[in-house]
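For reference, the structure is listed below as structure tokens.
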Amino acid sequence: MKALVGALGAMAACAAIAQQPRSPAEEIERYRAAIGEANPAELWEARGEALWKEKRGPKKASLEHCDIGLGPGAVKGAYTVLPKYFADSDKVEDLESRLVTCMVTLQGFTREQARKDPFGGPGKKVPMDALVAYVTAQSRGMKMNVSLDHPKEKEAYELGKRIFFYRAGPHDFGCVTCHGSDNQRIRLQDLPNLTKAADAQRAYDTWPAYRVSQGEVRSMQWRLNDCFRQARFPELEFVSPASIALTTFLAHSANGGTFDGPGMKR
Amino acid sequence: MDRGRRSVLTGTGGAAVLGLAFAAGLLRPGSARAEAWNKAAFETRSLNDAVKALGGAPPTQSAEITLSSPDIAENGAVVPFTITSKLPKTESIALLVEKNPNILAANFQIPEGTEPWINTRIKMGQTSNVYALVKADGKYYYASKEVKVTLGGCGG
Amino acid sequence: MSAQHVDLDAKTVAVLKSSFKANGQATLDRLDQDEVQKLCSGHDLAQPVDKAVAERIEKSQQATIKYPQGSLLGDWKNGEKIAQSGVGKQYSDDPTAVAGGNCYACHQLTKAELAYGTIGPSLYNFGKLRGFTPETQRYAYAKVYNAEAFSACSNMPRFGYHGILTEQQIKDVVALLMDPESPVNK
Amino acid sequence: MSDPMKIRATMVGDKVEVKVLMSHEMETGQRKDAKGATIPAWFIQNVSATCNGKTVLSAQWGPAVSKNPFLSFRFSGGKPGDKVVIAWTDNHEDKRTDEVTIA
């Protein structure tokens, strides 16, 4: 990519060849390539790793024995099997939900405390963003492999699919409004068609992501919360059943794709 | 999270960067560090004033400076630039954004042995000319280019 | 439709209601669907809408359109501002702020604005291509007021029907599309 | 307390290429909070990089440098095993120094 850009630049500089201005889409592609060279999400990953190992909460315990899908303490590749059914909580859980569960069971926080402040902001660093960045980064380069074998997993998928197609609110929007057709964009942002495997993989595999516009790492839970805000819905609650069902639908649709998060987005 | 912040931004046009002027009172001019930092230069609004505050005469355009960036930034909060100077005895490289409230964004001192090459990221409040200002052998030179800043999103 | 599907549809609504909380102007009743929303949910955009359903929606929605007295052509300059702004109805929006139509999110309009979306068709030269006639003005007004009256299960919000834009604002958007002096027609 | 920087220093030919990410708000002093009050400026002003005691880069920044700043530069005279030390000071006189071994 970089070599190609260089070659185009050299051509444009050559007086014998009429200058061909690049299209806005090509320029945006150059922009993304340039900012992709260094992702500030690495700062969150480092903080998350320290938090994972730190003895916290009333029980003064670390999260190192948390089972996030591949057994207690296994972090590598765990994100690729989430969301999944956990027998101990008798629920389908996504990563954020599972971290809340471990903060309660291992560290002794109340559920209320563990769910509080799920998203960081200017001048406010929260543990959840950092933990999500750390855990997901340990699945980079691995294939998404979400199972629907358990009846509760299958049900979460089916509910998530219906939520995806559910239209409501003053704008009649649903997820499908922006994410149900090929090759569309909102302003200049490409919209993945989340009903198709290739697009679902491309989108899901790059969340969580460092959002350039906000200077924050944003989790999948945040992504869904903010989509519903812009779709003019009420506020989606953190690790709510609908959020986990929708994540199950999206994650399963992305199966087979290689996870490449935390990514970097506008 | 702080939704209010977002609504304030949206209300003024959706740009993630509003303005960069800052209250002089916050800079603690009494401290040694603040004195080392060229406050006057960071308060200027034009290329010539910035160079003057840095102690130079008006700069001349030079083809020996390459200012490289995408022509369109998807978001003004992070705009990547690479600056290369082929001018002999390059001493410093600065980045300036014409339409930011204060023009000077950053100034890098290049000691001998360090390549006159910098890659960094700055904020742009809107579409603007950007200058790479190079001090070489005691004189100031510049190159410039326009970078378009776009808005986006469903709520913008 | 199987019993299992009916169960899941009912459960979907229950799960949604247990998962959202009211925030400012975005109250929980926003999860309640009207007839159009209900009929259009579950619809795969790759498939055409069932003909009978489409006719039913378009007919019922035609009846909702309220045309103003007098000229339909407002101020295209204000129309451009409305087209640029996405403010309105989000819980993060000030409910007293002037709302926008966010037309550029989905449509190309003028040549000058490069950051336009493609969910809807390009509207560049809208009036020039269709002719600057009163009929086209009336169509443009009605389409912005209630897009479901023309295209069932459209992705376009019903700006007049849902009170997202005022009558004057819709006239300004019509002017952006239909005024020969508007940059849309240049 | 500020978070550590993420620094990489690698040999590119006979030169050392340094890439550094810093954790900092880089608040402009122009934004307003939800209540309309101005959020005070808070940004890194001075940056320095040294290798074997010699300054290889120094910089002065304004609030227009992006949040969580990124910087890359190249210098001669370093070799694998040497340490590159980066330090910053902000307008609240917070400081941070981190180092990395050249790979």
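Just a few scattered comments:
In order of appearance the chains are A, B, C and D, and numbering begins at 1 in each one.
Here is the rule we use: a contact is a pair of C-beta atoms (placed from the backbone, for glycine too) under 8 Å apart; a residue touches a chain by one contact, two chains touch by 3 or more.
Nothing here was measured: the structure is a model prediction, and the numbers come from that model.
Annotation: A-C is the more contact-rich of the chain pairs A-D and A-C, by number of C-beta pairs in contact. Inter-chain spacing, taken between the CA centroids of chain C and chain D, is 47 Å.
Computed from the mean C-alpha positions, the centre of chain A lies at a distance of 29 Å from the centre of chain C. The mean-CA centres of chain B and chain D are about 16 angstrom from one another, to the nearest whole unit. For chain D, the set of residues touching two or more other chains reads 26, 31, 66-67, 70, 72. Residue positions of chain A touching 2 or more other chains, listed in rising order: 24, 122, 178, 186-188, 215, 229-230.
Taken residue by residue, chain C touches two or more other chains at 90-92, 105, 114-115, whereas all remaining positions touch fewer. Chain pairs that touch one another are A-B, A-C, A-D, B-C, B-D. Residue ranges on chain B touching chain D, taken from their complex, read 2-5, 7-9, 17-23, 26-28, 31, 33-34, 36-38, 41-42, 77-80, 97, 100-102, 104-111, 113-115, 117-124. Residues of chain C that touch chain A in their complex: 8-9, 11-12, 15-16, 18-23, 26-28, 30-33, 36-37, 40-46, 89-92, 104-106, 114-119, 148, 155, 157-158, 162-164. On chain A, the positions that touch chain C within their shared complex are 24, 155, 158-159, 162-163, 165-174, 176-178, 180-181, 183-188, 191, 195, 228-230, 232-237, 240-243, 245.
Against chain C, in their complex, chain B makes its touches with residues 3-4, 6-7, 10-11, 14, 72, 148, 150-156.
If you check the complex, the residues on chain A that touch chain D are 38, 40, 42-43, 46-47, 122-123, 125, 215.
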